[in-house]
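Here's the structure, in structure tokens; my notes come after.
Note that the chains take the letters A, B, C and D in the order they are written out, and that residue 1 is the start of every chain.
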Amino acid sequence: MSKATERATQVFKEQIDAPTAAFFSSCVSCGMCADACLFYTETGDPKYTPINKLAPLRKVWFQEYTLTGKLLKLAGISKPLTDQDLTDWEELVYDSCTMCGRCSMVCPVGNDIAYMIRKMREGFAASGHAPESLVGATRRAVEIGSPMGVKLPALQAQIRHLEEDTGLSIPMDVKGVEYLCMLSSMEIMNFPEYIGAIAKIFKHAGVSWTLSSEAFEATNSGIQIGVSEIAAELVQRIVDAAEKLKVNTVISPECGHAYTALRWEGPNLVGKRFDFEVKHILEVLDELRAAGKIKTKDKMSERLTYHDPCQIARRGGVLEQPRKLIREFSDNFVEMPDAGAMNWCCGAGGGVSSNERADEIRIKVFQRKKDQIDAVNPDALVSACSNCRIHIEDGLEEYHMELPVLSLTETLAEHLDDSVET
Amino acid sequence: MEPVKSPMDLNPAVKSTGAQGETVGEALRRQGISRRGFLKFCATTASLMALPPTMIPRIAEALENARRPSVIWLSFQECTGCTESLTRSHAPTIEGLIFDAISLDYHHTLQAAAGDAAEAAREEAMKENYGNYVLVVDGSIPLGNPGYSTIAGVSNEDMLKEAAAGAAAIIAVGSCSAFGGLPNADPNPTGAVSVQEIITDKPVVNVPGCPPIPVVITGVLAHFLTFGGLPELDQLGRPVAFYGQSIHDRCYRRPFYDKGLFAETFDDEGARKGWCLYKLGCKGPTTYNACAVTKWNDGTSFPIEAGHPCLGCSEPKFWDAGGFYEALSTPTTDIARTAVYAVAAGAAAGVAAGALNKANKKRALSEHQTTTLDDLSPGT
Amino acid sequence: MNRGDALPANFDIPVRVTEEFTGNVTPLLHEVRHALGALLDKGEQTIIDLRSMPLAPGEEAHIETALGQGEVRVELNALGRSDIIETQYPGVWLITHSNTDGTILGKYIEIALIPDILQAQEGDIQAGLEQLGDTLKTTSTENDNGTS
Amino acid sequence: MTATEWLLWARGPAFEIATVILVMGIIVRLIEILMLGRKENLAAPKGSATTGGLRTIVSRSVPDSGTFQRSTFTIVAGYIFHIGLFVVIFLLAPHILVFSKLTGLSWPALPTTIVDAFAVITILALIAVLINRLNNKVKRYLSGPMDYIVWALTTLPLITGYMAFHRIGFSGPMLIALHIMSVELLMIAIPFTKLSHAFTLFLARFYNGAVTGIKGVQS
């Protein structure tokens, strides 16, 4: 057994828990998860069947944690994990799975496949079987503070521009405020308007907030590549900042996996319950709306539809809020088929967008999103994840479609009634 | 006081010397039976052989010319129930007539002769008719110790072998001789076996039942008389004409089984309405016999009609085939207790296996190595 | 024989006939109809052995009622009594053979112009002829003796 | 061995062996799963894990409309043969007697002819499922020898049961013996094959529903 397989086996053994064992015990190879996965539906290649992506983990479970498996392993009938297994499955576990969890909603026996992919990546990363570009992003996140290599001065420059453009002040390192806003590098580099929108809405709603110069990056490459220690380190930076600034709530930005990383995995990664709350920006905005602190001046008449980012909706539980918020500025909102908890992934989540090797398949499987969009033929598409937005724009371009892709927060900010201060 | 009638008087068939040259037709006519009577006899014979009425003329022709065979009846470990079944009737029945048509040369329960005279009669008949007589056996044969059952100092096994050697046909009457029966039931203290376990070089017609239906016994005799040979037999050596269909398949209560209407106890509404007795342990589905059609006591009824489940008495091992009142589909053992033990053993084994897994996982966790950035790209 | 005879009057036999059990009655009557057709068209005779089919208590009586009684009723005395009854359908005969004790040995439905068993048998005719001849011979001898 | 002896063996020792293997095997498997444990979730819950878990145990039996459209055959055929198996196993009077002997509980049976019809439908559905497994590229890709063995072990008792009821091919005792023995093979296979899903499915669905329940999502 090579060092890599030894390491992978050892990590798998750490990762396998009761749910994993229950899931593997229950699989009847019905293949329904394939029909739920855009990597299968758009390629027609059965190797992309979600449960198949877990074969190496399943092998270790069977050999290490079942009586039958142990006996068959002793008898030499069940062969141990090989380097070839790891090499063959690397593409399946990283390039063709966004951990969107749609298969987990469909599996008739209730297997949470995405949950297990997350665990399997731990073993793959530890044994050196993670995609190179994802490793690079992780290295930048740890060493520079951002997977895209964005440093504080770059953020400060953007803030300066925004303050000049909008005339709004963007607070930094203010202690004792209500909200600490986190950002994603993509927002800083590609969609700085998001920061301006936040400033505008919070001013309108009259709530106090701040950014942190020590922790502004919300994304977490550790989660995507599957290294809990690194993920924990990245989460710890945010926890430290939030505690230092004594905020009540940390706001996760328009990013999918950042929410999962901070909201759901965060406390488990650092090993303690947070003293503050973690909310997605949509949750905060909807609370403000419900409290009557958000008033819009007009409603768009263009046909709008909403793309649910997987980690926010299906894996995050933020489903009603975006719809309520969109209705504040639109009277022509339509739902795509399968919208909500069963929405189809854009194809770029779970580290796939940072993985250059996956570029081709990522664009290929966008066909699924395209079909979904075509079904309602909207004038614009709203979403709440920068990663989704960038990939959808890429995809639309690739498929020669003209469709504006909007940020929900930014669009809401544009339609705020400036005349009232709530 | 009226003198006790000898069995010979009760049963004219038992004669130490028979008119062996006589045909069946002659024998019947000698008894003053007209040809109309003979035709009636043939019709009922066809009926008891389970042959279609179209066979009546053939039967009439064959019987008219058939020679009366010599029959030697040996009784081993038995209860005389089989003989009772056959001779129970007070008036001449059609079975009785068939019986009359044979020459019963030895039957130690029925014959008047006893002791040396009886044995001499047997030996004489065997000698005279060597190769032609019919051997009827009731009762099982003890192999555990020959002394368990002897006749005139001869062990059952020896007597059977000797009698079988010169027999034209062997008929094992009753479940004891056919399958071992009650003596063979667990723990089988005498080492009882069936006829066909000893006589392996000749076909044995098994007429099982505890007791067998009288018309089935005579039906086989009638077949031998009529056709001179043995009827078609099933895998267990039973005549297909009588044992070809299960009690269940010919049971008049079968429609209730199909409708799922069962008597749950012997005195419930279902029992009163004549519903299916499956749940009360009826062995009808696994029992092949003609009871449901021929019935008992001159066609009056049969156990299921009287409200009692079939015991399966014409099948091998019926004494040991689970309780008489246990439904056929249920396990024969105390499965609930076994299951409880299995749960306990499973829990113990499961906890042990789980503890091993836990230790395995704990070891993996203790060997945990922090994954560093350098681990991620081992090539660089 | 009535089974109830041996039982106390208040004893209720638990098994009651509540309906047509086996469903064999109707097919049997159809079989009779076909056989009757065959008798008319081709002169074919049929005998049905009622004791060869599973019948529920009461079903036999049901069949007899369904067939009814016709014009002919013959009692035969050979090896006990036999009743040969033409049913309400001419050509359909119900034959019941009993032994000397009155116990029923068999029941048949015969579809024929006249049941076989009613026809005088050759052997019996032969015997009768001889007997009649003997009787006449004896009588004439006696007569001869008387006149001489 | 005579048919009667086969039947006695099937109803006696063989049933004991099969029961012990089934019961022990399943309990060992369940304890193995449970003892692996899972970490306490420290994230502030949006909803109840227990409620979510229990809900998913039930709700996962009903697919959403999109999934139904995409996996119509798998779902419809799956429903038919699962319902069929349920009816045949639990609603035939002779079978209920077995469960009664085991548990002391009893419940009403369906008319035998209706159960017979269910058996035929179930056999047909299972044949369709097999043809689909051989023709559908995903299922064919996922299937190993065990998937086909398990199919055979599931179908065999239905076929032998049908034969026993209609008395095809063998004598009555032999048919019942064959039927019981085919069931025993199935019982023995359950803990060691994917058939264990009949028991572990509840755990799997619960864990799935618990994870989403905490997040305030209904799965």
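Criterion: a contact is a pair of C-beta atoms (placed from the backbone, for glycine too) under 8 Å apart; a residue touches a chain by one contact, two chains touch by 3 or more.
Note that the structure is predicted; figures quoted are calculated from it, not measured.
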Which of A-D and A-B has more C-beta pairs touching across its chains: A-D
Need the CA-centroid distance for the pair chain C / chain D, whole Å please. 59
Find the geometric centre of each of chain A and chain C from their Cα atoms only, then give the gap between the two centres in Å, rounded to an integer. 94
Where the CA atoms of chain A average out and where those of chain D average out, how many Å apart are those spots? 37
Please tell me the distance, in whole Å, between the geometric centres of chain A and chain B computed from their C-alpha atoms. 77
Quick check: what residues of chain D touch more than one other chain, meaning two or more? 28-29, 32, 34-37
Residue numbers in chain B touching two or more further chains are 353, 357, 361
I need the residues of chain A touching at least two other chains; which ones are they? 16, 65, 67
What chain pairs are in touch here? A-B, A-D, B-C, B-D
Inside the complex, what are the residues of chain B that reach chain D? 234-236, 246, 248-249, 257-260, 262, 278-279, 285-288, 315-318, 320-322, 327-333, 335-336, 338-339, 341-343, 345-347, 349-351, 353-355, 357-358, 361
Residue set of chain B touching chain A in the complex reads 353, 357, 360-361, 364-365, 367-373, 375-379
The residues of chain A that touch chain B in their complex are 4, 7, 10-11, 13-14, 16, 64-65, 67, 122, 125-126, 128, 130, 132, 135, 138-139, 142-143, 225, 227-230
Which residues, counting only chain C, touch chain B once they are in their complex? 1, 3, 14-18, 21-23, 47-49, 51-57, 59, 76, 78-79, 82, 97, 99-101, 103-106, 108, 116-117, 121-124
Touching residues of chain B toward chain C in the complex: what are they? 33-37, 39-41, 43-44, 46-47, 50, 52-54, 56, 90-94, 97, 250-255, 267, 271-274, 292-294, 298-301, 305-307
